[in-house]
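Chain lettering (A, B, C and D) follows the sequence in which the chains are written, and residue indices restart at 1 in each chain.
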Amino acid sequence: MKGESPVNIDQNRRKIGFLGLGIMGSAIAQNLLKGGFEVTVWNRSPEKCEPLAEIGAHVVRSPCEAVERSFLTFAMLADPAAAESMLFNPDGAIREDGVLNGLSDEKGYIDLSTVDPATSRKVGAAVSARGARFLEAPVSGSKKPAEEGNLVILSAGDESLHQDALPCFEKMGKKIFYLGTLGNGARMKLIVNMVMGEMMIGLCEGLGLAQAAGLEQEDFLNVLDSGALANAMFRLKGPQIGAGQFSPAFPLKHMQKDLRLTLALADEIGLSLPSAAIANECFKKARQLGSSNEDFSAVYKSLV
Amino acid sequence: MKGESPVNIDQNRRKIGFLGLGIMGSAIAQNLLKGGFEVTVWNRSPEKCEPLAEIGAHVVRSPCEAVERSFLTFAMLADPAAAESMLFNPDGAIREDGVLNGLSDEKGYIDLSTVDPATSRKVGAAVSARGARFLEAPVSGSKKPAEEGNLVILSAGDESLHQDALPCFEKMGKKIFYLGTLGNGARMKLIVNMVMGEMMIGLCEGLGLAQAAGLEQEDFLNVLDSGALANAMFRLKGPQIGAGQFSPAFPLKHMQKDLRLTLALADEIGLSLPSAAIANECFKKARQLGSSNEDFSAVYKSLV
Amino acid sequence: MKGESPVNIDQNRRKIGFLGLGIMGSAIAQNLLKGGFEVTVWNRSPEKCEPLAEIGAHVVRSPCEAVERSFLTFAMLADPAAAESMLFNPDGAIREDGVLNGLSDEKGYIDLSTVDPATSRKVGAAVSARGARFLEAPVSGSKKPAEEGNLVILSAGDESLHQDALPCFEKMGKKIFYLGTLGNGARMKLIVNMVMGEMMIGLCEGLGLAQAAGLEQEDFLNVLDSGALANAMFRLKGPQIGAGQFSPAFPLKHMQKDLRLTLALADEIGLSLPSAAIANECFKKARQLGSSNEDFSAVYKSLV
Amino acid sequence: MKGESPVNIDQNRRKIGFLGLGIMGSAIAQNLLKGGFEVTVWNRSPEKCEPLAEIGAHVVRSPCEAVERSFLTFAMLADPAAAESMLFNPDGAIREDGVLNGLSDEKGYIDLSTVDPATSRKVGAAVSARGARFLEAPVSGSKKPAEEGNLVILSAGDESLHQDALPCFEKMGKKIFYLGTLGNGARMKLIVNMVMGEMMIGLCEGLGLAQAAGLEQEDFLNVLDSGALANAMFRLKGPQIGAGQFSPAFPLKHMQKDLRLTLALADEIGLSLPSAAIANECFKKARQLGSSNEDFSAVYKSLV
């Protein structure tokens, strides 16, 4: 279906709102624009809207305006607090110019942010109370997959909204999962990111030990890439780590936040995760050493 | 080159000895036989020689006899002690019917076992003292890659012997690395297995949490396999873990031994590896719970 | 001062409310009664009030009534949610029959529970908004010190209230610290309990390894008690662990909650605590194995 | 018995050899001298013998000479390799001027070093083969207890030798344990040191978090010292850590060696020790950061 223009969708349904234009949000919004949707964008710092305005996005001054102009509105924020701030003020009251005051029966709100299940349920309940539909749809993949429309989409919540959002999802991602009850998308995303964090620590310990033991890091990466452990993340990040190149595709502070949320989920359930707990401490150490805004692979620097 | 018969190798050079017929050794020896080599086999428990005898292997009663009949002799043993036992008695004296008494100038001895660098150097020194050539060549990959001739070979030591062994290596593996100084093969193997152990813990924690959080393990594995973390080990082991199927391709006790040796290497160098240390404790816990001889993926049972 | 009756305190000031009669609360309330205070008690399950009623406590049906009848009211609840429930309903609204509706200018509310700094600040703000005074005063020590009036009291918040509460604190504890700003008591308590959790894991690993290595656990405890590591906790808990006796002085689930809160505090600050993180996972493992309501020393069973 | 002079011991039995004059050895040898024994000392770097010579020790040039002149000879070396070097050359052959060539029937050799059980058994077997008696007697306690004769002595092996050594032990230590079979002393020492390492990490994490959370480290240490966790090590080391004072009473590299040996013991037995494993990695990190020769409390610097 990908690449095809959404001809069988009526004009109204092509009106899409997009809130949050960080690394990921900008790339996704751009793909929606290129895919033929009419996109209205909003971002807290308005200057980030400019590159999208230049390729045809309409820029508004509040989340509420974006929702009012759109059939579906997507949000991509950095963390649970930022995701909630689209709907609520810090004191918990409904945000005057927020998402809720723009919603109505037919509209849909879709949160692509990585949040904990509790935040997702809270947002979903508030949207439902307005008679509108809600979907959580965290995505797996960082900057490059976002730019190339190759994300993995983990959708959960209102199934009719999932169907309505499919033409958009197809511009964003190569794999689209519908996982049922609200909260399941958040949970899946957190668990996948936990595994990603643990694999990154494994890669970094391997690279550090290879070098300390007198082996070439390049040989080590080639050997890894020849066997059953070969994977795209090692292939991409391995040489960058070796070269000391840590410009953020997925900022380290976000990885550490995801580990924190995953460990909180496991704590609630009562499951012990010793390796994830240590991975979390390694990423916290990297924060301590000043790598919060570098790529999450910068955890390497805290290990060697 | 693969699949081609070794026509340009003279008859003498086609005589190969093979010591140690466990899961890995049997598969490799079989590929050498199928590849047109004349293979002489020895194993501590002689009954394991029978399947190979049936397809043409010559069976002998001691490591020494195997070496005497062969141009190159390969060994594939379970751990450093077993690898040393091919040459020495437990008290350190030279083993009467061992490898050393069968060696001479032209011959080569190639140890495929996963051992620590110190063991490798000790064996190498004893072989050199007889005027013969030594190569360590630990392999990466377990039962299936061994059977299919798809191992990754990490050779280090005498480079002329590496050249002479290439026609054999090509029957065993798809990727053949020559890594220089003796010890580098052992180190590389240990570090790769460390990463494998850490990735396995990550997979198991993910599977355990997915289930505890109410997600389908199958969905979780599909999501993992859709993104940058996708790898052959997760693809193979994930469904087996979900199905509680732990028959040993790579026994857990060997994985734990490799982690122990890797941590000893890092300790010697003075490098802290918090995640590998915890992975080691998880595998030890699994030993405590009785999974030593199951597949290393049985570490799952100690986590949930 | 201890043991002396509070003759110089006027009658009104001798009226004390006490909310929460678990293991700790019952022991403390009893010491206040024995110390000559007029104590009004409330507990969610009213039957726990009976033993105190028998020795002179007045029993009421709500937190509000207890506060209304008292100059100072103490609370001792199991966790942050229970501590908040004295003031608020689950939906966040003010609890009709809760603490707040009973407070007035002169009165003081003192929370002895172990909570996180954020909960403490929230409760403090609500109490201040009613014009009343608030003090957090978590205590260090478990069942026996509580019974013997030997707790360590970590008070922080309104200093005039600290002065007014001193005659009560002197019936509860042998050491009374005033730590300044609200939140400092909570933080100090969490950090001390973190060290306690880590020491308990150390003791349990030692006991487990001593036994596995063929030593007498009793010899091990005697050796420990002969050197610089000797401490009252090891002396008390060591033999109980050896005897498999885990009746709860300090329930394991509360220790794990404290570790969770301490790790959240450290995460907020950005400090990596690898050993506390692993201790937390050990206690979580013990929860998984069914020891939530046993003594925190039952973490031993998850280690051996 | 302590302080009493050994009048009922004949002149020959008062002749004592002492090998190894590091921080611990010097202090112990001095107490033997002060206690009325005739002490012959040897050290690899001879200049360390001078302060003892000044107070009456006889200095010799080899371990063998010290043993020849003495009824009992004590050794206090830094690690298993150094302990073995008293008897063997690096290649495993008997050291010409070593302990073994000085021994005979009546004599006793007592190793106070902290070693692994295997080293102890190896040394014991070699001593027995000469017809002499062997005792391992690792000590618990660092510089100050050594100087004050307040060590804890963990003796195991030949019981008649233990009886003969008692007058010496009474000059060194306040508590003397006889633990049976050779190896039990080594094991006990390692396990106690493991607990010490874990407690030190707990103390350091507590001090680090207290400071980061805005509390006074001094308050924290006072609170710790008021409750059931109070112990002499925290009392001694806590203020030194706070003051950044890390001059070595017990060098960090020796603590890390002991953790390594303890973990190896647990690995052999098959016991998982997650917290000790992480403590070991913390001490290794401190080695990485250059604190090998500082006090083991310098692990603090790797945590904050």
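One rule holds for everything that comes next: a residue touches a chain if its C-beta (ideal position, glycine included) is under 8 Å from a C-beta of that chain, and two chains touch if they have at least 3 such contacts.
Note that the structure is a prediction, hence the values are computed from the model and not measured.
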| item | value |
| --- | --- |
| Farthest chain (mean CA position) relative to chain C | B |
| Recurring contact interface, reference B-D, options A-B, C-D or A-C [over half identical by residue number] | A-C |
| Gap in Å, rounded to a whole number, between the CA centres of chain C and chain B | 55 |
| Distance between chain centroids, defined by C-alpha means - chain A, chain B (Å) | 40 |
| Set of chain A residues in contact with two or more other chains | 266, 270-274, 278, 281-282 |
| Residues on chain C engaged by chain D in the complex (per definition of touch) | 140-142, 145, 152, 154, 174-175, 177, 179, 181, 184, 187-188, 191-192, 194-196, 198-199, 201-203, 205-206, 208-210, 212-215, 219-220, 222-224, 226-233, 236, 262, 265-266, 269-276, 278-279, 281-282, 303-304 |
| Residue numbers on chain B that touch chain D, as the complex places them | 92, 260, 266-267, 270-274, 277-278, 280-282, 284-285, 287-288 |
